[in-house]
Amino acid sequence: AAASSLQFALEEAAARFSQQTGHTLRLNFGSSGNFRRQIAQGAPFELFLSADEGFVQALYQDGDVDNDGVIYARGRLAWVQPKGRYSAPDEQAPLAGVHAALEALQAGQRLRIAIASPEHAPYGIAAREVLRNEGLWDATEPLRVQGENVSQATQFALSDEARGGLVAYSLVLAPTLSERSEYVLIPEAWHTPLRQRMVLTPQAGDAARAFYTWLQQSEAQAIFHQYGFSTD
Amino acid sequence: MVKLTVEAQQAGPIPLNAEFSCLPGELLALVGPSGSGKTTLLRAIAGLYRPQHGRIECAGDTWLDTQRQQSLSPQRRRVGMVFQDYALFPHLTALANVQLPLRHLPTPLRRPKAEQWLETVRLKGLENRYPSELSGGQRQRVALARALARDPQVLLLDEPFSAVDQVTRRRLQRELARLRQQISIPIVLVTHDLEEAAALADQICVLHNGNSLQQAPPETLFRTPASPNVARLLDRNNVFDGQVVEVDGTRRLQWGRYALDVASGLEGLNVGERVAWYLPPSDIVLHRRDRPSQGERENPVAASVDEIIVLGGMTSVALRVPHGDMLRFDIATHAVRRNQLTPGVAVNVSLLAGGIHLMPGHGVDTAPDEKRNTP
Amino acid sequence: MDWSALSVSLRLAIFTCLFLLPIGIWVGRRLATAQFRGKGLCEALVALPLVLPPTVLGFYLLQSFGREAPVGQLWMSLTGGGLTFTFSGILLASLVANLPFAIQPIQRAFENVPHNLREAAWCSGLSPWQTLLLIELPLVWPGILSATALTFAHTLGEFGVILMVGGAIDGETRTLAIAIYDRVQAFDEQGAAQMAALLLVVSFTTLGVVYGLAGRRRWARG
Amino acid sequence: MVKLTVEAQQAGPIPLNAEFSCLPGELLALVGPSGSGKTTLLRAIAGLYRPQHGRIECAGDTWLDTQRQQSLSPQRRRVGMVFQDYALFPHLTALANVQLPLRHLPTPLRRPKAEQWLETVRLKGLENRYPSELSGGQRQRVALARALARDPQVLLLDEPFSAVDQVTRRRLQRELARLRQQISIPIVLVTHDLEEAAALADQICVLHNGNSLQQAPPETLFRTPASPNVARLLDRNNVFDGQVVEVDGTRRLQWGRYALDVASGLEGLNVGERVAWYLPPSDIVLHRRDRPSQGERENPVAASVDEIIVLGGMTSVALRVPHGDMLRFDIATHAVRRNQLTPGVAVNVSLLAGGIHLMPGHGVDTAPDEKRNTP
Amino acid sequence: MDWSALSVSLRLAIFTCLFLLPIGIWVGRRLATAQFRGKGLCEALVALPLVLPPTVLGFYLLQSFGREAPVGQLWMSLTGGGLTFTFSGILLASLVANLPFAIQPIQRAFENVPHNLREAAWCSGLSPWQTLLLIELPLVWPGILSATALTFAHTLGEFGVILMVGGAIDGETRTLAIAIYDRVQAFDEQGAAQMAALLLVVSFTTLGVVYGLAGRRRWARG
């Protein structure tokens, strides 16, 4: 079970791992919150890669897993917008799109800014933090649309009505999206690190354990990096 | 006793106070004005309606006894019922409708038996029509066939011929008469056609506002109705008001200026008592112009022709007597021509003493007021 | 194309219909013919699964299906297995979620059966059971078809409840709807569209057949 | 012309080949066996059914002309229709049902008017009942009131009295007769009660299998039916098969061993020709035992009593003549008693020459076989 | 408690019912009374929104509501505003998603109106319109109530489609169902339970009132 933001990275990692070890893996992507709940109910997942370390820690505290796992990567936030429709994003001013949308609003045009739910989605919380820090949170209120998760937020960000959105960098790198979108990374320092933690569940078998170990090695770390995560 | 006996009493919502019985092989006609509770009583017999108080027995079994909280389900009562609105199953063909109550027969026998019943009601060829594709009378006949097919212990027919033409009706009536000889069960027939009741029934029970007023064989009923009310419900005219008098030492019935001879019934009455009386139209004899008629000296009454209505071979005649009452009777149309009856003509008639029927204890004015029907 | 998800979806839809129809017929008939106090309440209760957002409904079901919860325990003691994350679990959840679809149309249909047809059946000697089978069911057939079609289609499309209770386990609880959702989430719009097309074809065929059957009745009312 | 004329032809699914007309203020009765298309024709007049070929005109307007592809909507035809199955609106009370067609009146007038109509059909006090709470006859009367309330240009009544008792029926018939004098519109009445048709109708049209066989005033129809088929549909018995012969230079009708005198009709026929003939029961005169009867020398026929059925004041008598045919007629019950008629007794009757009606071109065997009804 | 979400939910549910009922009555009546080829197809089409998983349906709607898509363009030219992420947008989506709920029960009800009552109404001089208003609508009333209840309840609970098209904007497109979902996802189970209770109370009251009304009719069929 893995957070949906890991979709592409983990597929590649799993393929590589299977190739090397002969183990086959079944991957299940979805909302980390749902997974937490399901694992607490005894869902037959062996390894849980959460997008938010909070879920893993909560599981540990409730005694549903034996340890609090390890951090395997850190997520990065990126500004993404539909390709070619607006002025290209600028490395120096990653939030230029937000400002542009605010100006458009003054001119009477409403262009939406998409984020994931700031209440429960890790990337949404980070996005809120970024906007708060920049003093844009209240101003963007009428422009914000919220996705249930970061994937939906990305879809919103690329829809016709949107100026763009603050979403997971890992998704932006997805092959089907790259041709439709333009992006710029948000400096990692602007928000609390999106530490992603994984943990083995009590049902974990050999393959899962091996994969758990393998993921912490450099080859896997490189893949994560390639798909938009920070690693140490 | 293997007869059907029915007693039902309740105050509302449908007032009932009825009691009647029917022997096996006998046909009982329930007659009464629209809304008098005929359908309700049939439904009570079938177990579809439960009166507050009542007792129904049939073929020795108690079907309903409200005192003992006993009530058999409709299925266990084995009644064949023709509903007033047919209640055919719209999703089944005529044949399948009739086949349904035949489920006690082995499967291969059902179809031929159902076809036979449909033939009995003259619907051969329409077996595969759905009820919506049949005319009103055809539907009614399917309903009749379905009731007969049930092989019932009692047959309940709610105006089973009301929608069929006279010729077919006659045939179905004949069929019903034949059936009565074959299967010896009580048959209760609701009808508004008094002729039909007279022709078919062994017993007629007259209902009014849920009350059973009189049960008797047709002949008796038509000749000696229990009250002016019954007479009127039976569409008998010739109900009058008279007074018991004594003339030359014999009791007579004073009617206008006539003191009528009465064959029987006057003995028990006091002189001076007012009494309602009835004369069947068959006991009114018209005096012929050209020669004396039989019984001419019996209660001769002078009257004038008020109305002549020719109904084919028969003609209905209304005569007005001097004090205003109206005598009505039917005679053959050729007799009307022969006697040259036209409105206004003065004629003499005899009121046969043997036919005069006294109904003491009832004023003529206790006529059925249909408004009492209402809640 | 995700054939195993299709198979799970179809199995789920078929079983849901199979289990729910008798319930729908029984409850719908009771609600239509019986007169009792609090009938409106019962009807509202039946419609409840409609009101809750699927994921919320799924959440509550997940909790009550758990090993410590009464339903889960009961199931455990009956079958020895768990309810959550199994096919039985999503089937049960689907039954709950589809209750209103199955009951409502059947109830309305029963309400329209003239009472004197029942009486005529009893007088023809049919037991209440036979009356139900031979008279009432054929008459409420369009309603039953409606219920079947709605239930079938809705089960195929249902997603929130199933995901929550079933956990999208391949070949067991991962339905086509979930697979499509995953494809959409992964921005694989083409894959999603293909599967959606498959889903549509399946449902369309089923619905078409069902309504075709319904339209075929030759008899008319009144 | 302001009369109603109807023509309708089609081969199927309901075969029709009918033609009839009705003057304003006139009442036309449609009679015919069950399934003969009476309801279908009324529906065609009302615009609810469209025959393949046909023309319907009323009050000078063309309501239907299939040749010119013209057809008025039911709303614009202004017909008052009583449906055979009443078709009351189940969600409206009796009063509201009757108020519905009164929407052309100002609102405050509607309610009193509707109440008035309900009173006319004797339903006062039941205004607030729903149809499901009324008896069959009460429903029918609500339907009648609703049709009358429409203030129609033509009144179409499909067995409007079939479910009401005889007394109420009589009142309603009287009401209808009164109405005819007030509003001068054509009235088409479907009925299976021939007496009703005879009593009420100015014209009767006999239908069979969708064909209109004859339209004529009742008296004419009952005395001179156009064919044995019509006679049989009208429930006339006394239809026989005879042969034209010449006796002593005059044409006679050979019937068994009798060569009957016939007042008219024989002239146009060839000697030797077989011909169906009919005698109205009123033209059969029973010879009295005690003294000679009038017209005794006219066509005397010896017969034996076969059947005696007492129907109240009248008795129906069937006599068998030597060659097997059966003569049926009604006489007063007291005449039966007087003549001591019982089955088996030999009697003499005269067949009045003026009543004998010849129906050349028809064999008696072309009897209406209801099986031809079927598709 | 999230009152603004409640208000959005209620407004959405009420408007959906208001717009959908006339459509339901019209389409339901056509489907019930008219006989034409491909009727089964039409009926299946009506049921389609049921089949697609809500988020998938929402995804397609989102795409077709965009500025470059035909529906969005049409709307733009009519009103000057966009469809996605607005109340109008979720209303339109909700209309599409609830089509089957509105049409099916009404259609079944119309099928059960005996044709001769229509004829009797015509012969009483009522125009087709008046017949519809005075005769047919009262007779199909239970079906309409059913449709209203189902639509209302389902709109309150609908979540996938609304979220996808609306983007959960506070006070505009964020419904109570979305708010509950957010609470659940944020592991604020108590808050979720409270809001769910509120939702239940609202729906329950509405449904109770609706069914109470339906149960009150005094007249009976047949």
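Chains here go by letter, A, B, C, D and E, matching the order in which they are written, and residues are numbered from 1 within each.
Everything below uses one rule, namely that a residue touches a chain if its C-beta (ideal position, glycine included) is under 8 Å from a C-beta of that chain, and two chains touch if they have at least 3 such contacts.
All values reported here derive from a predicted model rather than from experimental measurement.
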{"item": "Shared chain contacts [chain C and chain D, defined touch]", "value": "B, E"}
{"item": "Distance in touch steps, counted as few as possible, from chain B out to chain E", "value": "2"}
{"item": "Remotest chain, chain D as reference, centres from CA atoms", "value": "A"}
{"item": "Between chain B and chain C, centroid-to-centroid distance (C-alpha), Å", "value": "57"}
{"item": "Centroid distance [mean C-alpha coordinates] between chain C and chain A, Å", "value": "36"}
{"item": "Where chain A and chain B are represented by their mean Cα positions, the distance between them in whole Å", "value": "91"}
{"item": "Sites on chain A at which at least two other chains make contact", "value": "34, 152, 155"}
{"item": "Where chain B touches two or more other chains at once, by residue number", "value": "85"}
{"item": "Junction residues of chain E - those touching two or more other chains", "value": "59, 114, 116-117, 181, 220-222"}
{"item": "Pairwise chain contacts under the document criterion", "value": "A-C, A-E, B-C, B-D, C-E, D-E"}
{"item": "Touch list for chain C against partner chain A, complex", "value": "59, 62, 65-67, 82, 84-85, 163-164, 167-170, 182, 184-189"}
{"item": "Contact set on chain A toward chain E in their complex", "value": "31, 33-34, 58, 110, 112, 114, 117, 119-121, 141, 144-148, 152, 155-156, 159-161"}
{"item": "Residues of chain C that touch chain E when the two form their complex", "value": "39-41, 43-44, 47-48, 50-57, 59-60, 100, 104-105, 108-109, 111-112, 114-117, 142-143, 146, 149-150, 153-154, 156-160, 177-178, 180-181, 184, 192, 196, 199-200, 203-204, 207-208, 211-212, 214-215, 220-222"}
{"item": "Touching residues (chain side chain A, partner chain C) in the complex", "value": "4, 7-8, 26, 28-30, 34, 37-38, 41-45, 149, 151-152, 154-155, 171, 174, 176-177"}
{"item": "Contact set on chain D toward chain B in their complex", "value": "31-36, 38-39, 84-85, 122, 124-126, 134-138, 140-141, 158-159, 162-170, 192-195, 198-199, 218-219, 222, 232-233, 235, 280-283, 285, 294, 309-314, 329-334, 338, 352, 370-371, 373-375"}
